[in-house]
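We just call them A, B and C in the order they show up, numbering each chain from 1.
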């Protein structure tokens, strides 16, 4: 790299435009293989000539850049990244080969095969859509005549497989919904929380962490959330009424509670 | 203007390729038409200056001895089945009816849970099945009584027929996707409670007397 | 007037009148139906012992250059207007079923790899199938279950239907564009075929020592 490039930020990244396009499209990728295929196409060479190593590096760099922006990266992209990092190490350090495992070259070939296969199916899909189609370029008889059927019944019943499956699925779904045993959630009502809190605080006017009053509930995982929520709501109500005072040093810091002294309350 | 010459020229002055193309065009238009078309309507769809009457009569002659004839009714033209082959057609058009939702549900439950009794169908459907629904299904030829359950009351069980498989393009009942497969395909929008088999309960040993099929 | 239907008669064991009647009947049946009819369905409507395949091919040849063609779609047959005349019939154009990119890709994978399981489709695409892919394809009627794979779990396989072939103007699955080439390149294999050239992993230009092949 020339020294000059260091002075000009825009020269540092060889193709910032392309990266930006990819970043914007990150949600548009349908999984890691799709992203890899897009990167391979960016190599602007025939798929048969892609460098799997270069591709792995581009993918890892891309995921890194996305993560550095604190964007959520779906787990399967990270799994692919981990695998590509492994592949990279296998390609760069071919010795010693772990026994009973395919060589780095074999792994790379496998990846290239999957990319080529996906690309082939993309092209096949495009060719299918480009075909002359019924109802678009060629047509059926506009005035069909009813053929004599084997039976003599007056009605010909119409039903498709999709309708049949959808009907069954919908019926079962409703059945499941009605047979679901909802676990009875224990919820502490606000009134109860309020009464309890006042009783526990008692006459004490010393700052005490609110959790201390809830210790009995906090030990039980199923009660923890509802105990905290009810206690907080009740305490806010009590503050408004001038019964108690609340104090918190910072976000997520312990919440302290005390009875408002009567002298102050009356003052 | 060249148009005047085209208009005044007779059919034979056209190249054989053009005449053949015009016949092909007319054939395709008449075939795809949803209603009989008058010569004027046909002419409007054809290249300008085409002698529509001559073409129509040529096509009519070409099809005169075929299984399908080009018929003129009043001003309008249409392809119709040759009158002597009328026996191939329905005398009165069969009414095409869509299977009702309850019938479709019942059919699906019979297909998935066969052999199944009426009470069992109702248990899955959550509503009582009207006699009409089962009658319709029996009429379709897709469902038939399969036997009697060896339980008190010896209730009749139902199952699907070969015609059912043919109609729905299935090679076997086991081709029906199971609950997990329905969910994976995006057809089932519910959590399958544990204990429900991923696969439908096919091939269970029958605990019943089969009806004599010939009887 | 030239006979537009110059049918070559190879089937000579029948009297010419009988053969002609059979052709006319077949023509009438196929003209009357809007949907493709299978050779078996056609045979059921014809006199017993008729060589349906020979008749179908004869009819297909007779109509090959016409405005209406006899098209094969797998096991089934139907008359369709010639594709080059589509411009005349724009009024009949139906709104195209717009498939999402994943659905189209899945359709192509099912068409080229059939019978194929959902897991195999996902392997090719590298993502799990989302809702609105397989269910939408089943809804189009182009895709259907094709039996279960004899592997653990007996997964359901999918394949394409007659409607798929009819819609895309394919006479058989083997008519899919590029199918033979893809097969030859091993790209329809589930696993990497032996001899599939390992890609140069270090980004070198592909080594071109073709001389080795003879050695």
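By definition in this document, a residue touches a chain if its C-beta (ideal position, glycine included) is under 8 Å from a C-beta of that chain, and two chains touch if they have at least 3 such contacts.
Quick caveat, the model's predicted, so the values are computed rather than measured.
Enquirer: So which chain ends up closest to the centre of the protein, judged by Cα positions averaged per chain?
Expert: Central chain is C.
Enquirer: Which chain pair shares more contacting C-beta pairs: A-B, or A-C?
Expert: Result: the pair with more contacts is A-C.
Enquirer: How many angstrom lie between the centres of chain B and chain C, each centre taken as the mean Cα position?
Expert: 19
Enquirer: Find the geometric centre of each of chain A and chain B from their Cα atoms only, then give the gap between the two centres in Å, rounded to an integer.
Expert: Distance between chain centres: 43 Å.
Enquirer: If you average the CA atoms of chain A and of chain C, how many Å lie between those two points?
Expert: About 38 Å, centre to centre.
Enquirer: Which residues does chain A have that touch at least 2 chains other than itself?
Expert: 139-142, 145-148, 160-161, 165
Enquirer: Which positions in chain C touch two or more other chains at once?
Expert: 29, 31-32, 45, 79, 81-82, 89, 92, 135, 138, 144
Enquirer: Name, in rising order, each residue of chain A that touches chain B in their complex.
Expert: For chain A paired with chain B, touching residues are 139-143, 145-149, 151, 153-161, 163-180.
Enquirer: Report the residues of chain C in contact with chain B in the complex, numbered from low to high.
Expert: Residues 1, 3-5, 23-29, 31-32, 45, 65-68, 79, 81-82, 85, 88-89, 92, 118, 129-136, 138, 144-148, 154-156, 161 of chain C touch chain B in their complex.
Enquirer: Show which residues of chain B lie in contact with chain C when the two form their complex.
Expert: Checking each residue of chain B against chain C gives 20, 23-29, 31-32, 34, 45, 58, 61-62, 65-68, 79, 81-82, 85, 88-89, 169-172, 174-178, 181, 184-187, 199.
Enquirer: In the complex of these two chains, what residues of chain C are touching chain A?
Expert: 29, 31-35, 44-45, 78-83, 86, 89, 92-94, 96, 101-102, 104-105, 107-109, 111-112, 124-127, 135, 138-139, 141, 144, 166-170, 176-178, 182, 185-187, 192, 196-206
Enquirer: Tell me, which parts of chain A touch chain C in their complex?
Expert: Result: residues 30-34, 48-54, 76, 91, 104-106, 108-110, 112-114, 116-118, 120-125, 127-129, 131-142, 144-148, 150, 160-162, 165 of chain A touch chain C.
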